[in-house]
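Sharing a structure here in structure tokens format.
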Amino acid sequence: MAKQFHFIAIGRAAIDLNAVEYNRPMEETKTFSKYVGGSPANIAIGASKMGLKTGFIGKLADDQHGRFIQSYLEGAGVDTQGLVTDTEGHKTGLAFTEIKSPQECSILMYRDEVADLYLYPSEVSEDYLKQADYLLISGTGLAQSPSREAILKSLLLARKNGLKIIFELDYREYTWKSAEETAIYYQLVAQQSDIIIGTRDEFDVLENHLGGDNEASVKALFKHQAELIVIKHGVEGSYAYEKNGKVTRGKAYKAKVLKTFGAGDSYAAAFITALVNGESIGTALKYGAASAAIVVSSHSSSEAMPTIEKIKALIAEQDK
Amino acid sequence: MAKQFHFIAIGRAAIDLNAVEYNRPMEETKTFSKYVGGSPANIAIGASKMGLKTGFIGKLADDQHGRFIQSYLEGAGVDTQGLVTDTEGHKTGLAFTEIKSPQECSILMYRDEVADLYLYPSEVSEDYLKQADYLLISGTGLAQSPSREAILKSLLLARKNGLKIIFELDYREYTWKSAEETAIYYQLVAQQSDIIIGTRDEFDVLENHLGGDNEASVKALFKHQAELIVIKHGVEGSYAYEKNGKVTRGKAYKAKVLKTFGAGDSYAAAFITALVNGESIGTALKYGAASAAIVVSSHSSSEAMPTIEKIKALIAEQDK
Amino acid sequence: MAKQFHFIAIGRAAIDLNAVEYNRPMEETKTFSKYVGGSPANIAIGASKMGLKTGFIGKLADDQHGRFIQSYLEGAGVDTQGLVTDTEGHKTGLAFTEIKSPQECSILMYRDEVADLYLYPSEVSEDYLKQADYLLISGTGLAQSPSREAILKSLLLARKNGLKIIFELDYREYTWKSAEETAIYYQLVAQQSDIIIGTRDEFDVLENHLGGDNEASVKALFKHQAELIVIKHGVEGSYAYEKNGKVTRGKAYKAKVLKTFGAGDSYAAAFITALVNGESIGTALKYGAASAAIVVSSHSSSEAMPTIEKIKALIAEQDK
Amino acid sequence: MAKQFHFIAIGRAAIDLNAVEYNRPMEETKTFSKYVGGSPANIAIGASKMGLKTGFIGKLADDQHGRFIQSYLEGAGVDTQGLVTDTEGHKTGLAFTEIKSPQECSILMYRDEVADLYLYPSEVSEDYLKQADYLLISGTGLAQSPSREAILKSLLLARKNGLKIIFELDYREYTWKSAEETAIYYQLVAQQSDIIIGTRDEFDVLENHLGGDNEASVKALFKHQAELIVIKHGVEGSYAYEKNGKVTRGKAYKAKVLKTFGAGDSYAAAFITALVNGESIGTALKYGAASAAIVVSSHSSSEAMPTIEKIKALIAEQDK
């Protein structure tokens, strides 16, 4: 790495309030534990824990929750020079997690007028972006203005300054106005991204029709900037498509599932870390799957992010 | 009581998330306990626990928090026929409480676009209101439309149908646009109310100037509908002014203060209960002060509401 | 008159763009003439022309249309000390009038985000109001915040300072959110008004049900502040109800109708002028009807406002 | 032309209300003439008058002004299959023009919540777009959602279906939130456009800094899709830059200027018409300049659009 950061992530950092008493409806939960949450924050935290140099651009509420997030990110080794404190009274996004059973998880979201969606384009610094090899864009930040424009600006600046762009689709229906609007911004950004990661469902969102086909999806995107596209199919594993036509399949690892939250973030953190470390696509897929298996077995999404050693141990254990 | 309910309260029912680990900044609190909150809900719960028949008109989110509130109110004996479930995706209001020390308490509010402020006037039923002796209006519900109009409608209907109106000023700066707007609606409602209860600070808000004087405040209001006005001065006690010129002073009781939240709600619940039970103004002031002393010594605002027996015991104990 | 002004009107002053080529659909009109419009502005202009001292409280756009209105009001003798110039980029309300035939008139309204609805309560001066005998409130100003609160403040101040209140219902469906909301604010203001003027349809709006009955309407309102209520029934004439039970019927005068706009404003201007001049209710009803007959025969609503002499001449002519 | 339309324009169609009595402040203008206005509508009308087959995608108010626009476009030969009628109560945009002198012209805009900015992406048809050689995007339509997304969708569909894209910068400060936001969307669209036309000031807006330099501007844009860039410098003439490095200068023609409005639209209409007709860049620059000279000498922007014959006549006259 010639630059200061392997990647800078842009988007939301929020609070998860996880049910302390679980395997029941949330109505019967009396106590909640507080963790840092939000896909791009989780990925930056995870990758930092796995050894990468990461930075984060985002906006935090000027309150106790905002200060908790900032200090947690710093503790996890994520550079926070790109963090901005909200001055307009916006609050931190919240996600109350309900775990009725390992298979029945849901989230009660507080995302109205939250601080992360009020990042202004003027608050994105070209000088800061220049210090990274990759820009990681998380789809949810595109859902509303002015965060949308802040991210589009980061995209224009990244392209201008030669950063490669990783687009983690991270689709959260809650914050979007319409499926059509989502598809428009997802396509605009995907057409300018080098690496695109998402579930099959998320690629359907990008294409705005159900039941899409991987071959067709990657064919359309390879006409533009993309070099590597990862499409995840849950427990059936995932596929990495390269522009040169190569396809690699990765399997999922077994886990003692406590809840399903955090799987995608831990997958992305580990997959990207492997790539940056020069591992093969096949190995990167293993890292992603192993990391996801570890996080779904734990109570949080951020604090449970594994080290490389833990990931390697799980792969060694289950691959033998 | 010739009617079904001693009083019906209208306004917000919400969620308190109280710091489990306290006497520290909220940044260092890892766990939060969930309780029902919101001034008029707390008053209805408290008065019900003290033996009154109470009902509640309000709007709840269509989610786990909304359902928790509904079932808690029912468990506390509050009639919930007047509850409406939101259909527009609004969320339950939240109050994270921070207890740095008994003297330094603060609240981190989530009140943007919350369900209780989306009660529509069409959702207030004249037939339901007719069943009560009193309508209890909580000031915060006047802060935004359409809740503001729902409450103004309940006021018009109450006056038309002969209910007496209790106005608990319950001022929360957070939800209001400007001091001037607050004063306008507070005055409009106060001029049509029979009983008005608030702190000295809240009467200053009603008059839109600082440092107001009790004599002047009650003189202006007694030109209109009011018969009884209670102005609270914290640990210095409170004053009850009657239209006939009588003034009664009530003292505060000693308490081992854990936090200051909930004092006003428990005061109002006990004061109103005493009045309805035919107690003298002097006794009602004692009930209010004793009930407040009990709640500030406990962890919650709703669950800690005392019974009449507990109130009487504290009075007996401290008055001897 | 012991005071400076017979009345001060509060509410909107706007622009009418009247079809120059009429008796055709507006699609075929190529040219429009510009006049001052808006019910309370028209009433203040009309009454001033009829000899009263009038003032106006309202907000004007900071542009050519706003400056035209200000200079027109001044030219018509209306005091403009109460005018405020908008600083937030709001525009002047517009009304394009279509005259397909004398019986088929319609208005294409531009009322989104207009300056008159952005009068803030802080911009209403108690010292200015004190100088008038009457405050004239026009219903449309209650439709949206902050104009709504500015008018409620003027009502509170007028009551406090002993002004009598004239409420011209002036209902414009376009600016209101719902029939229920309209009825709530109309009732709140009507219950505190001394004189109430409107069409039968407008009293139905106040009561939020169709087909209301005059006797029932006035009975409900006479329980409150009202002393005089005028209900207009178009060409069938109008009725003036007094609190003492007296009812006076006024007939409509014949007119060579060009269009129906402006009838209500000219009626109110003349009726109020007659009252202030000490004429009998019967004579005031004649003034109102004669003034309306003159304006519906002319091209504009403001510029066509007649003098007292012209009104008397028409009465003399048609009553002989 | 193998396809149905030479170009389809997308964006606003609105109403101009031009001062009948001019060379004075608008306050003193009593009468206004109604014309169709809006840059992309004017360009489609002008090009149609000059012989091209054009279509228009936009949203019209469901009122007399909307119907007037539709029928005017049809009369001018513009295909209106892509027009959608608003169902949400939005109004037609208005531009009152003030002509104090030929050098001092200004516009009083009514652009709040106007129908053209409420074109939804779902209302843009791929089948319709496929029938054109070019898509003409006008910058103002990017100012607000959902029109912004409708245009971004048309851009994605046009690229997918092989249409070339003409971007007329058409910057109107009034409708934009911030200079930074404007620059972001202008750059995104410009990077995907084949032909870009604007004034030097408008290229400064695209770059979000004042005093930009033509060479630098075109160098940055030629890294992307652009093949031809026209930068206009008012009376000093204009420059056409081609990707191959060729630069052609065009001069301005003399005109007896009545007002400056409409110059850009007539320029674009004639320049594009010449290009489509296979004329040289040099000739196209002459067409644009001649067409602008004719329109600034006339009272309207749309109705004054010249025929090819009139353009050729002016060129012949002034070039001899």
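Observations on the model:
By written order: A, B, C and D. Residues from 1 in each chain.
By definition in this document, a contact is a pair of C-beta atoms (placed from the backbone, for glycine too) under 8 Å apart; a residue touches a chain by one contact, two chains touch by 3 or more.
This structure is a prediction, so every number in the text was calculated from the model and none was measured.
Hopping across touching chains, the smallest step count from subunit B to subunit D is 2. At the interface between subunit A and subunit B, two copies of one sequence, more than half of the residue numbers in use are shared by both copies.
With each centre defined as the average position of its C-alpha atoms, the distance from subunit A to subunit B rounds to 43 Å. Centroid to centroid, with C-alpha atoms defining each point, subunit B and subunit C lie 41 Å apart.
Annotation for subunit D: no residues touch two or more other chains. If you check the complex, the residues on subunit C that touch subunit B are 120-122, 145-146, 149, 152-153, 156, 177-178, 180-181, 184-185, 187-188. If you check the complex, the residues on subunit B that touch subunit A are 17, 20, 25-27, 29-34, 63-65, 67-68, 71, 91, 94, 96, 98, 108, 110, 112-113.
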